[in-house]
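Presented below are the structures under discussion, each in the form of structure tokens.
One chain, chain A, links the two complexes that follow: it is found with chain B in the first and with chain C in the second.
Let's look at the complex of A and B:
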């Protein structure tokens, strides 16, 4: 009986009901869309961030993060890798050796970070100098394969650096660094194998990669590395668990998740997510006030009607229930439409992706990483369920007061007021 | 016919000996050392002319090549603002001293590229003094005579895997009265570049301490034609017995 009454009441004033419904549908579908896009954007940021010379998990010498000196290297990194991969065969491990050095060509010189990498392995996990990032010349593995006869080792450098040094593919550059023995500066020549462009100013200007063994020889640190970077396909929860277990297993080393190793990326993601939540909260408050307004208006306009119901013998709770049920039906209806619309939008962006460059005209840099040109919407089911419940509850809570008030008006006063 | 063949053979052997027998490496080494001898003590002015500023320094330069480890000490005599600034190079180690805050800085790799006292020479040039005599292969490109001088243009190409930044260096030197004098050194970025990146010219031969030496050195960078750094030697004393204590960081104070 009351269900029928509530539905009939809703349909009686179609314009009011549909306007309220539109607010909810619009707000909710937009929320789903934004949620998906922002989560997708964050995932893209993390994915690309860990591929910029980082890793999901970083293993280094205990004192390396405090003092990245050549005395604080991992000796025999392949033994450590073996220990790790025995336990977690799904992880991909790469060894890197980093040092501040001077790169020179002709009369130009630039102080930068040289990264000694294992060309074949690094190529699979890094986005700095892989096939996609190289704009001229070759990647390191291609170079070493192609030119077995080459007398010089290959080096890949950033686009801006190449411009600043005025070098081309095939030119010779020298790297000067202080070797581990602490003696005089050591110098070695390399041939420019490739020029890469990541779009990140820092990396394009102050980064170069050479084969690990060449750098080890130059620095007189045979079989040592600054860090072991681990890459994984696992989701964040599994990754956190692996990091935890590795920390205990490799107690002699410093095991860092990317969140610690790249705090600027982590805080950028967190800050962005926090901003998103704040925005959601504001939108929900606005929606709630909108719903409150229409429900208040509708109960106010129908005071005479409710007075009549009470005069005819219906209980106060019945009147309240009818008003509440109206809200429940309305929000359930609007939410399902909003959900459908939102999911449809999400599906579009999840399959087609959002082309950032097309929308904003430029590529976006955030937290030290360049967002990929396209990123894909991702929805977390638990988050989605939570939002549905939240909006639903919000509607009901907002309706509660007018509903109770509607049932507790004296019929006499109601008819006289009107 | 036999005679012709013999002549040809003679000619061929002459050309090949002419190419291989010239002690080019030795010449370049002695040309590079002409202003240093075993030891040297010199006073010179350095004029730096850059678009941003002009500077004139008076320098006292002591060198000691008697050991394997080359030693150079440069002390600024003027202007007053810079007086007492010192650069010490022992073998490959370079340190700087700033008298006002009494600080000694040992040069790190990142400082190599910056210019030495604002001139067109870099710290790296100080370190690479012996490069030309060590890391290159030599080829006589041209030989000619002018007045009493026997000129040679030597092309230097880096040896395989030599840690040097130039693709080619052209060294013009001449021999007069059995001594080798440098005339001009041009540095090319790549072997086939038409334009050199910079040029070092020696001129103004004068008699210093009983030896004829070029007293003017000028460095010019090709893409900034109006700029130069000139070193003009006022006084040089060769082969005096300089104390080893002059080439230590204690000498800074």
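Let's look at the complex of A and C:
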């Protein structure tokens, strides 16, 4: 009967219950929607971020972070990679050599970062000069297969850099850098194989990629690398565990997760996640206030009824249960609808994606990363389950005091005028 | 069944106090059909509230079935009210969201009576008060007299020893009053349920076995009337 009492009491003031329910449904469904889009956005940010010359995990010489000189390179990187892939065969490893250099074409010269890459491997994990980013010419792997272009080593450069140097595909540029021997500056000519556009000013203006072996030769550092970048499909928790284990296994090296290697990206993701948590907090407050308002109004008007129940022999706990059940039913109903609507919205954005550029008219850059035009909603079921359970718990917590007070009404209230 | 000794009730706040009941000594025996009469403000309702364990006296001793009520916890008091006392309030006090049948079943549910049994007893009781065909109606769909009958049905369905009714006819027309009184007298005679009313309605007083006149918080007169049914209690202690 207490269930019947609770349900009918909710229906007693349909307008108040409906209004509370609508508020909770709206807030909760929006929370699910934003939770999915936020997590999807974060994944997109991280995915694109680690593909911008980074990696999920970076392995480098112990002193490279403090002093990125050619004296602090990884010697025989293939041995390190073998050690890593024996333990984690699912990881994709690429070797890179980076140096600050001068690129010249005719009367133009620009200081930039040259990245020596393994063309075929890099092309699978990088978004800087892959097929999608190349707006003119070829990627490095395509160029290396083109026998007619083999007079010189190939180089891919950013769109803005190409404009600044006034070069086109097939033009020759000269790279000047200080070799490891510390001798005079070393120079090498490269043919512009491709021009890429990432949308990121820093990369498009001050970045170029050449084959790893060409740069090793130029810098006189055969079989050495600045870093080994590792890529993984694992979830963040597994990735963190792998990083931890690698840190122990490769104690002579500096093993950094992307969060350390790209602090701006990590800050952007963390800041955005904080915004999401703030939204969740607002939703929790809305739900709590909505339920509390309904329960307070409802119990305030029923003092005489509670007194009557006590007078007739009901235990205080029974009266409290009725009030608690009202809140639980209202919350359960509203959350179910909110969950269904939120999941429906999530499904839409998980399959169709949210076209950021279409909605906001411009692509968005965050943490040094240009977000993809379209990203997809991703729901973390454990986070969602926790949210639902937390809201239930919150419902009980905010109702507890009014419920206890209702149960401790004096039976004399039954004899008083309403 | 009920023994009140030197019962006083004082209502007080920071500014004033009101001595509502003054040294009440009273014994009510099992099976009595008693009316507590008196003008408004004489303390009738307060006395009923104390006898019904809804309120506590400021001083004095209350024995119910030879037990000192002052020693009972609030849960024990609730259990006694649930199992031994039926209440009929002036304003009916039905649960508006429950039907007549559900209202009648409510106390039995509190007592843990099985669903089947309490439904059967509730239907029988509603039929006994002439509301069998209205059992599925909500209070708002019943007249004042019908609501009061449901309240009576609720009070007696759990088979209490004592029914306390605070001016049960105050809101009823003559026909409903007569019909309700017939029912209560019948229950008193057939089941031996003790009835204690508060009322200044002459139609109620003339049906009583015993009338306790209260004035300014004191028992002024305690009279046994002639319409005491054979087999009903004879004893009454005057104040």
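The rule we apply is simple: the second predicted complex is superposed on the first by the 390 of 418 C-alpha atoms of A that agree within 3 Å, B and C clash if a C-alpha of one lies under 4 Å from a C-alpha of the other, contacts with A are read in each partner's own complex, and residues count from 1 in each chain.
We take it that a contact is a pair of C-beta atoms (placed from the backbone, for glycine too) under 8 Å apart; a residue touches a chain by one contact, two chains touch by 3 or more.
Quick caveat, the model's predicted, so the values are computed rather than measured.
Once the two complexes are overlaid on the shared chain, A:152 sits against chain B while remaining clear of chain C. In the superposition on chain A, A:76 makes contact with neither chain B nor chain C. Looking at the shared chain after the overlay, A:318 reaches chain C, while chain B stays out of its contact range. After overlaying the two complexes on the shared chain, residue contacts for A:187 are found with chain B alone; chain C is out of touch.
In the superposed model, A:383 makes contact with neither chain B nor chain C. Applying the stated contact rule after C-alpha superposition, one finds that A:171 touches chain B and leaves chain C untouched.
Shared-chain residue A:412: touches chain C; no touch with chain B. Residue ranges on chain A touching chain B, taken from their complex, read 100-102, 104-111, 151-152, 166, 171-174, 176-178, 184-185, 187-189. Within the complex formed with chain C, the residues of chain A that make contact are 1, 4-5, 8-9, 11-12, 304-305, 308-316, 318, 410-412, 414-415, 417-418. Taken in their complex, chain C has these residues touching chain A: 45, 49, 52-55, 74-75, 78-83, 85, 87, 89-91, 93, 95-98, 102, 105-107, 109-111, 154, 166.
Contacts from chain B toward chain A in the complex involve residues 91-93, 108-110, 112-114, 122, 124, 127, 158, 160-167, 187, 189-190, 197-198, 221.
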